[in-house]
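Look at the two complexes coming up: subunit A is in both, with subunit B in one and subunit C in the other.
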Partner chain A sequence: MKGNLLGRKGLLTGVIIILFLFILPFIFPRFYIYMTSIILLTGLLASSCNIALGFGGIYQFHHAVFYGAGAYAAALIITKSSLSPWIAFAAGPIVSAIIGLIMGIISIRLSKLYFGMLQVSLGSLVWVIVYRWYSFTGGDDGIHGIPLPEILSSANGAYYFTLFITGLSMFVLYRILKSPFGSVLQGIRDNPLRSGIIGVNVKRHQLMTLVIASFFAGVAGTLFVVVDNTVFPDMLFWTLSMEIVIMCLLGGWFTFFGPMLGAAALVALRTFVSSFTVYWALILGILFTLVIFFLPNGILGYIEQKFKKGTEVSVDRG
Partner chain B sequence: MDIVYSVLPPQFLSQVLVGLSRTTILFIVASGLSLILGVLRIPNVAHGSLYMIGAFVSYSIAKLFGGGPSSYWWALLITPFVIALISFVVERGVFQFLYEREHLMLLLLTFAFSLVFGDLVKLIWGVEYKSVPVPGAFQGFVPLFGGIPFPLYNLFLLCVGPVVALILWFIVNKTKIGKISRAAAVDREMVGAVGINVSWVFATVFVIGCLLAGLGGVLVAPTVSVTLGMDHTLIIEAFLIVIIGGLGNIWGALLGALIFGLSQSLGILLWPKFGIVIPYLAVVVVLLIKPTGLLKSTW
Partner chain C sequence: MLRVESLSKSFEGFKAVNNANLHVEKGEIVAVIGPNGAGKTTLFNLITGVLKPDNGKVYFKGEDITGLPPHEIFKKRISRSFQVVNLFPRLSVFENVQIAILSREGKTWNLFSPSKKFAIEETEEILERVGLIDKRNRISALLSHGDQKVLEIAIALGGKPEFLIFDEPTAGMSPEETSRCIELIKHLSEKMGLTILFCEHDMEIVFGIANRIMVMVRGSTIIQGSCEEVRCNKAVQDAYLGGGDECSV
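Moving on to the complex of A and B:
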């Protein structure tokens, strides 16, 4: 864990960012409130993926499934049943965690690329079902105009709810990584064989990590329902999963806040670039190629390396 | 014949042929992907983009030659080499510097390229659907199996598949570059140590693999509406085929393509609404039984 090891400077930055996020709705127009909400929940999504990817060394190639599943679960409970929306919000992440558990049990026997591809296969299965089950999920149209509790129906209400839940989730994720469980997890990443020999149940740890990661992806998905009032099948498509991995890499995947930063960069970039050109993917692709060439540890990873020259060796997973 | 039909209904047989022509496309694209995975160890997500570009280029070339029924043959002839040229530039320009990186990085890099390719296609050809003419000799339908009309072009595909498989078999097993690349797949350092320029071996294999993706794109073009996004669904299918067949094994790609193509077409026959799920289920079942693929992987 290298998240807040930047010392006083890091703490100060954190406080400023949190203060800024609190007063943001008073300063900026509605459009930016919406964008910041999307950044926060996408950041949570990327951070949850990074728990498995960066800290667990598990090739989680299809994380979007859990995001979409959580969002669809919440949306379907709200629109198809008479249950309270709050129950739906709680159910979203749980559904994601269950799907994560099932997919994990099936694919955890494999490792690295094979694991990733089996996740993609299973995830595509979920995607196809959502895409094709027109009468239930709305097919490729998705579900629009999901009714929300009154307190969340304003942009500010949704924003503060997102801010609170994201903050809480990030704190929980941080505590998990700081706990003995998190240390063991990183031990497994660095040397699975040795971890197994000293008595760690490697597969069970990894499975647990996948469930945690998919739970918080489900939280992010549910937040998307709150912010955007819609769900659509592209939320489960594999290209989004690739983008999530890009966010992790862009920000720095051996850092805790890197994925959040990567998500912010990507969402902001997409929003602004797509306002003057439809070719934002082209720009993203070129930018990302440059990052792979010149910043293999991501933005935050690079900054930390600069600040802590010689004190810590960056993890080489080659 | 009636006895046969009582056991295997004509719809079933017709659907098997549809599945086999789909298998042809899947095999051609997946074998290229498998070749690159086996020798260069690059999980090339941009492979699907080259397939899509192949389809778009064939549209342009067919148009250049008048757009008539015979123009397709020119497209079939020229397009694979256009794709080969593009892949050669990409390989020499970018990929050759990154072979030592881990797979995840290569996967993301090639994904970044697929984003770039996707937008370039949008830039050059626009967002409208394109249609490529079916070659004159293969237009229309023939009545097969109890009179069910079957597209002639699909029969053409059924002939192309084995031809490509034979050529590939010949290149991999009988030519010098095939032998060297098989050796490089097993131990690239050793191949370098005996005085072979591994970098150029890699470039050649990469170009051949991408050429296959382009060929798949040209062959599929007359049967579908050529459109943006056709890369995204295909690349997942191609990857799954390669994985269930065994990474780097071309015959595994053939086996995987058969499983995928047939389960797709028969799945739609049995269960029209969710038939598309069946190939994915088949992949899951195969991987549960044999996690590292059906045939021997070169990894």
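Moving on to the complex of A and C:
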């Protein structure tokens, strides 16, 4: 089985985590509520990337572009137009998906590393536009103090909104992976040649995957606007894309919840380690190297393996 | 049912297939034999659309299918297995076969219903037929080589083919696995009425199950005929069977 913890233990863990997330605002101070919101939306960002990377075998090396594009689209519509913020929130993911489609059409004809390199170049182009166009995007200042609907302007409101949308998005992504489309996608990852021979239009499936991945990156970007009230060009810089890839690998890129775990690890690490050293990236580097050496399937991949070994006989997926 | 007319393909000047001719009637088992490098696999790649021929025509049921892409060929109900194992290594045995069925049924764009609702019975039936039903939940990369070769055939069956092409189906199998595989091929031909084209190095297998044999040497067809005709042919004996074989006709 790929992608989830099975059976009662897995279900129990899930229920405990969801309950914990629900009551979190009543127990912990505001700072942790903010941090958990960031973990949730970053986890959604990494999970959407992993749909292409881990389940589609597509080298999604510049995923941050779609995150930033969604965030900027929402922020610009709120600040520059008189439309309702809710329309802006819906527009963010759609803009991301359209950019994903355009970049996908251009780059999907290349495969593997060449695809990744072309995506990085095209993505950097989008970044330059955002970074340089002062009069429209605010350049490297970004946009601050984005006004939000009243219900979202409190930390708790933003938190529950993020929790709900992240949960919903993760559910939809999970359904997609378990659908025939998802099965075929994993087939393409494993063996594109054979997939073509059994009648699959490989490139068109990959393009659809890119659109789905960028749509949910846009959802994550829009959630960032809700949580942080700001956007800035670093959101679509390639270093963030590399962090996203690291999150996927760290958590386990052949598992569904691995990237979420990786995102939690990375965000927590950045928050706590950077409070006593500016070299937090060094710690991340060492940790990442260790994981690659000792847990090549990532943290969750390792746990799943252990878990499956114990129950292999009793697991029947009928 | 399948007719190949003077098919040719060169790779940088090397004529891998040069004027190959072949015809297969419905319900037959036809073997292609020839020394290593004779162009058997290239011929199969040309028929199934993996490679585009330089010259010549391929007709299937009277229809010109020359140069169609592989997924179009698959829709014409022509399936193949590979010489080198060519599976979906991270997926389970069940999923390997199920994908082929989903693809045939045009369900690959279904995004929201769970896969486990589709094609269960047909997948199980195929796995039952090939004898892999007990290993349905195994990850295919972890199967033995023999089982992987059988799974190759099972994936090909997922296309509900009328015409099957096997590229050295028993290569690398143990003697027991080989005899099981031969039984399977016979079963597919006799019980399911499938037309089969295969290539093989083991002459015992070839003469044991083929109705007719096509001999290829250096990319060209030397002869196509019944087992006896091929066995007695002078050119074949010289080129391939070592010469001096006794002929009983």
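We adopt the following convention: the second predicted complex is superposed on the first by the 307 of 318 C-alpha atoms of A that agree within 3 Å, B and C clash if a C-alpha of one lies under 4 Å from a C-alpha of the other, contacts with A are read in each partner's own complex, and residues count from 1 in each chain.
To be clear about the criterion, a contact is a pair of C-beta atoms (placed from the backbone, for glycine too) under 8 Å apart; a residue touches a chain by one contact, two chains touch by 3 or more.
Just so it is clear, the model here is predicted, and its values are computed rather than measured.
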Of the partners subunit B and subunit C, which touch A:H144 in the superposed model: first, second, both, neither?
neither
Does the superposition put A:R30 against subunit B (first), subunit C (second), both, or neither?
neither
Tell me which partner touches more residues of subunit A in the superposed arrangement, subunit B or subunit C.
B
Quick check on the superposed pair: does A:K80 touch subunit B, subunit C, both, or neither? Answer first, second, both or neither.
neither
According to the stated criteria, A:F181 is in contact with first (subunit B), second (subunit C), both, or neither; which is it?
second
Should A:Y59 be classified as contacting the first partner (subunit B), the second (subunit C), both, or neither?
first
Overlap the subunit B and subunit C contact sets on subunit A and report the shared residues.
317
Which residues of subunit A touch subunit C in the complex?
1-2, 175-176, 178-184, 186-187, 189-191, 193-201, 205, 208, 254, 315-317
List the residues on subunit B that touch subunit A in their complex, please.
43, 45, 94, 97-98, 100-105, 107-109, 111-116, 118-120, 122-123, 232, 236, 239-240, 243, 247, 273-274, 276-277, 280-281, 283-284, 287-288, 291-292
Interface with subunit B, subunit A side, in the complex: residues 59, 61, 106, 109-110, 112-114, 117-118, 120-122, 124-125, 128-129, 132-133, 237-239, 242, 245-246, 249, 278-282, 284-286, 288-289, 292-293, 296, 317-318
Listed in rising order, the residues of subunit C that touch subunit A in the complex are 48, 50, 69-71, 74-75, 79-80, 82, 86-92, 95, 98-100, 102-104, 107-116, 118, 137, 155, 158-159
